[in-house]
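Listed after this line are the structures, all set down as structure tokens.
Each of the next two complexes has chain A plus one other chain: chain B in the first, chain C in the second.
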Partner chain A sequence: MEAKLIKKAALGDIVKKIAGQKPVYAPVKEGSKVHFKFLAKGESPFLAYANSVNAPKNLFFPQTETLMHYTKTARGNELVEESETFSEMVLFGVRPCDVRSFKLLDMVFDQKQYSDPYYVEKRERTTIIALACRQPPFSTCFCTSVGGHPAQADGADILISELDDDYLVEFLSPKGEKLIKLFGDLRAADEAALNRKKELSDEAVAAIKSHIPATEIKTWLDSNFEHPFWDSIHQGCLACGTCSYLCPTCHCFDIRDEAQGDDGIRLRTWDSCMYSIYSQETSGHNPRPGQKQRWRQRLMHKFKYFVDNYDAISCVGCGRCVMSCPVNTDIRKIVNDIAKLN
Partner chain B sequence: MQKNPYIPAPVKVEKIITEVDTKDIKTFRLDFLNQEDKEAFTYLPGQFAELSIFGKGESPIGIASSPTDPDYIEFTVQKAGVVTTALHNFEEGTLMGVRGPLGNSWPLDYLKGKDVVLVGGGFAFTTIRSLINYMLDDKNRADFGKITAIYGARNPGLLLYRDELALWQKRDDIDMHVTVDKGDENWTGREGFVPTVCKDVAPSSNNAVTLICGPPIMIRFTLPVFFELGFSKENIYTSLEMRMKCGIGKCGRCNVGSKYVCKDGPVFSLAELDELTPEY
Partner chain C sequence: MNSIEEKIREEAKRLLDEKKVDVVIGYETGTLPLQTAPCFITSSDEVDKLVWNPCCKQNLAIYVHSALTQHRESQKRVKPEDKKAKIVAVVARGCTSRSLVIHLQEKQYNREDLVIIGVPCQGYIDKNKLEAKVDGLEVITGSIDGDAIKVETSKGKTELSLIEVTADNCLECRFCNPVIHDFMAGEAIPVYESDDEFAVVDEFAALPEADRWDYFSAEMNKCMRCYACRNICPSCYCKVCFVEQSQPEWVGAGVNPSDNQVFQIMRMFHMAGRCVDCGSCVEVCAEGVDLRKFLKKLDKDDLDLYEHRAGAELDKEAPLSTFRENDAESFIFEPK
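Right, the complex of A and B next:
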């Protein structure tokens, strides 16, 4: 691993330079909101951002993705064989919580028995440049409660941390090191810079005021599938699915076909366990018939089922669902309330 | 690179058999277009596959044929939704797709050396039929003890696989009981509900395993009979159904607690189901 320093003012141009060579997906300001977008040639990323409205997962797992094409032939509808094109990409400016979400999504999509080629290929050809949080961007941040850290980014190829006049740039993987030459004039990071990083990192951790007993509630969840508590959390829910769509770790999807004349596509789209039709069977039977059951599923999946299967909580503490829920349902409050039942 | 698990293998509908008098359950015999797909489709009784019709979608259906008949695969399908309705409108020779095999299977290793009691109700007899044909195969029959099968439908016109049922009833290496809730003027067989017939037949629970598939109401009244006969929850198996899309444990919707029916099931013992949430 190599640690280098660059002047703060230089970062925007470096990203611009990388974007001249390969597609760069980076935070861009649109109106009052920040979204991840592919940078146009000559466009700079928006560096003074807290975090994006949407999680960057859609780079690997797009909201709508064509899985295959088919066409009508004399024998019936047949698959159109396609040769796939691969281009390398750079994902710049990912916050540590969102970097962690990729590790969690990998557990689902990159399995030994069934590897998801659409996700895995995009993931493998992407270099991830993380930007550490000097301060937690929002009061709703709780990454440290769910195994994360505001200034560490396990899974990133390059980690950039803001110091006082400089950025500390750490090249964490061979994929990251390949970009070294595009960073131009790099100074070796001295002891003082590394110490300063540590100081700021500790400050960032201390600045996170939101803490939830995310691990501790597992034992209660293990034995309380039936409990009056579950009647209390879904009452305000509109089943809009915003929480799932903004969540960096939600990975449920639907597969459907769309036809146009003799041609068509099979595509997958994001789905949400908050929707009644999600588990509705053709017979009319629905194993999760009400919003109560669906909310229980959402919470159980993140804090119990995923832990059972992958030994990790399926939440990175980004706070997006808390900030954007139209009825102010707060997953932190739910977890805290469960802890009180313990 | 690993094969893309979302791409269906092309198959031709070789033969369509209308199974029931109401004509809404048909068996589709499919043949792979490519030899390598055929060879890759190695399955065991109890597994399922996604039947794929471009332009309509996919539907997860249990495999009704037995791997001991390697020339083709068969699926018995009830006309219910978009995909199955399109399938029912197919003519022989039409091209479609199959994705699989998916899921676990009936616990064949566990069944070896034991008596096997199979209970099916109505339409839920397709993967049991696969297992019966598998166990009755000359190469496999000696691996299993006494085979008892109890199969019921509401009326004679709703029984599946009638030719095979008749053949099995004539054999002495399977004790086949066919029943209907109510017979018609031509019916000479047994009348009575499946739980009652199970009670009459009273298979021994000694070194025996039972596999039960049927509508929830049948299962509800059949289970107490088997408990009374001394079958433990470890020796009672069933197969679950859930809405599915991917079939490979990623799209999320078919979980029962921490298990995915598509990947960890569809076959579970009652003891295993007790460990899961009652959400199916």
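Right, the complex of A and C next:
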């Protein structure tokens, strides 16, 4: 691993330079909202961002993705694989919580037995450049409660941490090191810089205001699938799925065919357990008939089922669902309330 | 606590104690600054949760509709002698009461199923306007003090006037006072003096067609098809929405310009004479899509062509459910 220093002002141009060579997916500000997008020619990323509205998972697991094309012919159906190939890409400016989301998504999409080629290919061809949080960007951030850290980014290829006049750039993987040349003149990081990083990182941890008993509620969840508590959280919920769509770890999808005449495409689109048709069966029966059962699923999946299956909580504490829920359903409050029942 | 809030709580307590209603739907303080959440009070011990302030945003009529519909469904297989009634009370300002009127006109439930706690309303804080004022920064703390809002962001503290962040639909609202109610939690108030309620539509209509199309396409491209706008809308209560139908499939599931536009155009056209301009669809949207400009055009046409305002009068027929031989049809034959 190499640790280098660059002047703060230089970073924007470095990213611009990288973007001249490969597609760069980075935070961009439009109006008062920040989204991850591919940088247009000559466009700089927005560096002063807190975090984006959408999660960077969109790059590997887009909301709408064509899986294949088909044509009905006299000889039967002809299938054509989606021929889009991905060049090497760079994902720039990922916050540590969102970097963690990729580890969780890998557990689902990149298993020994089942591997999702669409996700894996994009993931493998992408170099992830993380930007540590010098301060937690939102008062709703709770990464440290769910196994994360505001200044560490295990799983990133390059980690950039803001110091005082400089950025500390750590090349964490061979993929990351390949980009070294594009960073231009780099000074080696000295002891003082590394110490300063440690100091700021401790400050960032201390500045996290939101804490939830995320692991503690597991035992309660294990034995309380039926409990009056579940009647108390869902009434205001609009079943809009905004929480799942913006969540960096939600990964449910639907597959459907869209045909025109003899030609069709097979599409994969995001789905959400908050929707009534998510669990609707062809017979008309719905095993999760109401929003009560759907909210229980959302919470159970994140804090119990995923833990049972992969030994990790499926929430990275980014707070997107908290901030964007139109009726202020707050997953932190729900977890805290469950802990009180324990 | 303001006096409206006090009266809402007293009335809610009385209704619950006297077993006049099963649930009171209102607003409670949220977990984030300047936010409230819908709340559902079933016991009079909890009435102190109810609040009334400019952070009360959503039109609550959709919750009335779902509570009563779900109850009706649940009673379907119950023996006649065991059937239970359910009565819902709701905190309703002008726009909410108009949505309730639409439900009643469309025979969704009966007037006896409903107790309306009316509130005079001076409008709510528009999250998009507030977000623009603080340049997208997080509001860390916020409080309302008379006509001023004090907010704190990572850049420090500022004071804004309430009026500069009040939603446009509220600034132009002619229905600050409920059109029907069983109880009023406060005196009726005068409406804002808006020069021209439809200026937003006329200004847009005056733009060249290409500019209008660009604006519309750009707004639709922001949409992530979560359907929060549809789900909060009291007039969007269909058991199965066209969006979810698969045979035939009216609109593709993919997020792309044409399917996004088809979804929004089809939804909006259902709103002719049924949109009360409560602004809820805009308020719930996480991507800040401007739906209002287009919905307001329908509102204007409803008034200009049919002398009708959505949900304003219980016994006035609505254009979508009435046919008259001399109905205006110029928009079909001479579209502009």
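Just so we're on the same page, the second predicted complex is superposed on the first by the 337 of 342 C-alpha atoms of A that agree within 3 Å, B and C clash if a C-alpha of one lies under 4 Å from a C-alpha of the other, contacts with A are read in each partner's own complex, and residues count from 1 in each chain.
Here is the rule we go by: contacts are C-beta pairs under 8 Å (C-beta built on N, C-alpha and C of every residue); 3 or more make two chains touch, one makes a residue touch a chain.
Only a predicted model underlies this, so the values are computations on that prediction, with no experimental measurement involved.
K.L.:
Going by the contact rule set out at the top, does A:A206 touch chain B (first), chain C (second), both, or neither?
P.N.:
neither
K.L.:
Which partner does A:N328 reach: the first (chain B), the second (chain C), both, or neither?
P.N.:
The second partner, chain C, only.
K.L.:
Quick check for you: in the superposed arrangement, does A:R256 touch first (chain B), second (chain C), both or neither?
P.N.:
both
K.L.:
On the A-aligned overlay, A:R288 touches which partner chain: chain B = first, chain C = second, or both, or neither?
P.N.:
Touch partner of A:R288: chain B, not chain C.
K.L.:
Based on the superposed arrangement, let me know which partner A:A9 touches: chain B (first), chain C (second), both, or neither?
P.N.:
neither
K.L.:
Given the touch rule stated above, what does A:L341 touch, chain B (first), chain C (second), both, or neither?
P.N.:
neither
K.L.:
Quick one: classify A:G241 as touching chain B (first), chain C (second), both or neither.
P.N.:
In the superposition, A:G241 contacts chain C only.
K.L.:
Considering only the touch criterion stated at the top, classify A:L79 as touching first (chain B), second (chain C), both, or neither.
P.N.:
Touch partner of A:L79: chain B, not chain C.
K.L.:
Under the contact rule defined above, give the chain A residues that sit at the interface with chain B and also at the interface with chain C.
P.N.:
254, 256
K.L.:
Considering the complex alone, what residue numbers of chain B touch chain A?
P.N.:
1-2, 4-8, 10, 53-58, 80-81, 84, 94-97, 241-243, 245-246, 248-258, 263, 277-280
K.L.:
Would you pull the chain C residues touching chain A in the complex into a rising list?
P.N.:
Residue positions touching the partner: 30-32, 35-40, 58, 63, 70, 131-132, 134-138, 140, 154, 224, 226-228, 231-232, 244, 246, 249, 252-256, 283-288.
K.L.:
Flag every residue of chain A that touches chain C in the complex, lowest number first.
P.N.:
Contact set of chain A toward chain C: 29, 31-34, 50, 53-54, 63-64, 135, 137-140, 235-236, 238-242, 245-246, 254, 256, 258, 267, 269, 277, 290, 322-324, 326-330, 332-333.
K.L.:
Contact residues on chain A for chain B in the complex?
P.N.:
Those residues of chain A that touch chain B are 67-68, 70, 73, 75-79, 108-109, 111, 113-118, 225, 251-257, 259, 264, 266, 268, 271, 273, 278-283, 287-288, 293, 297, 300-301, 304-305, 308-309.
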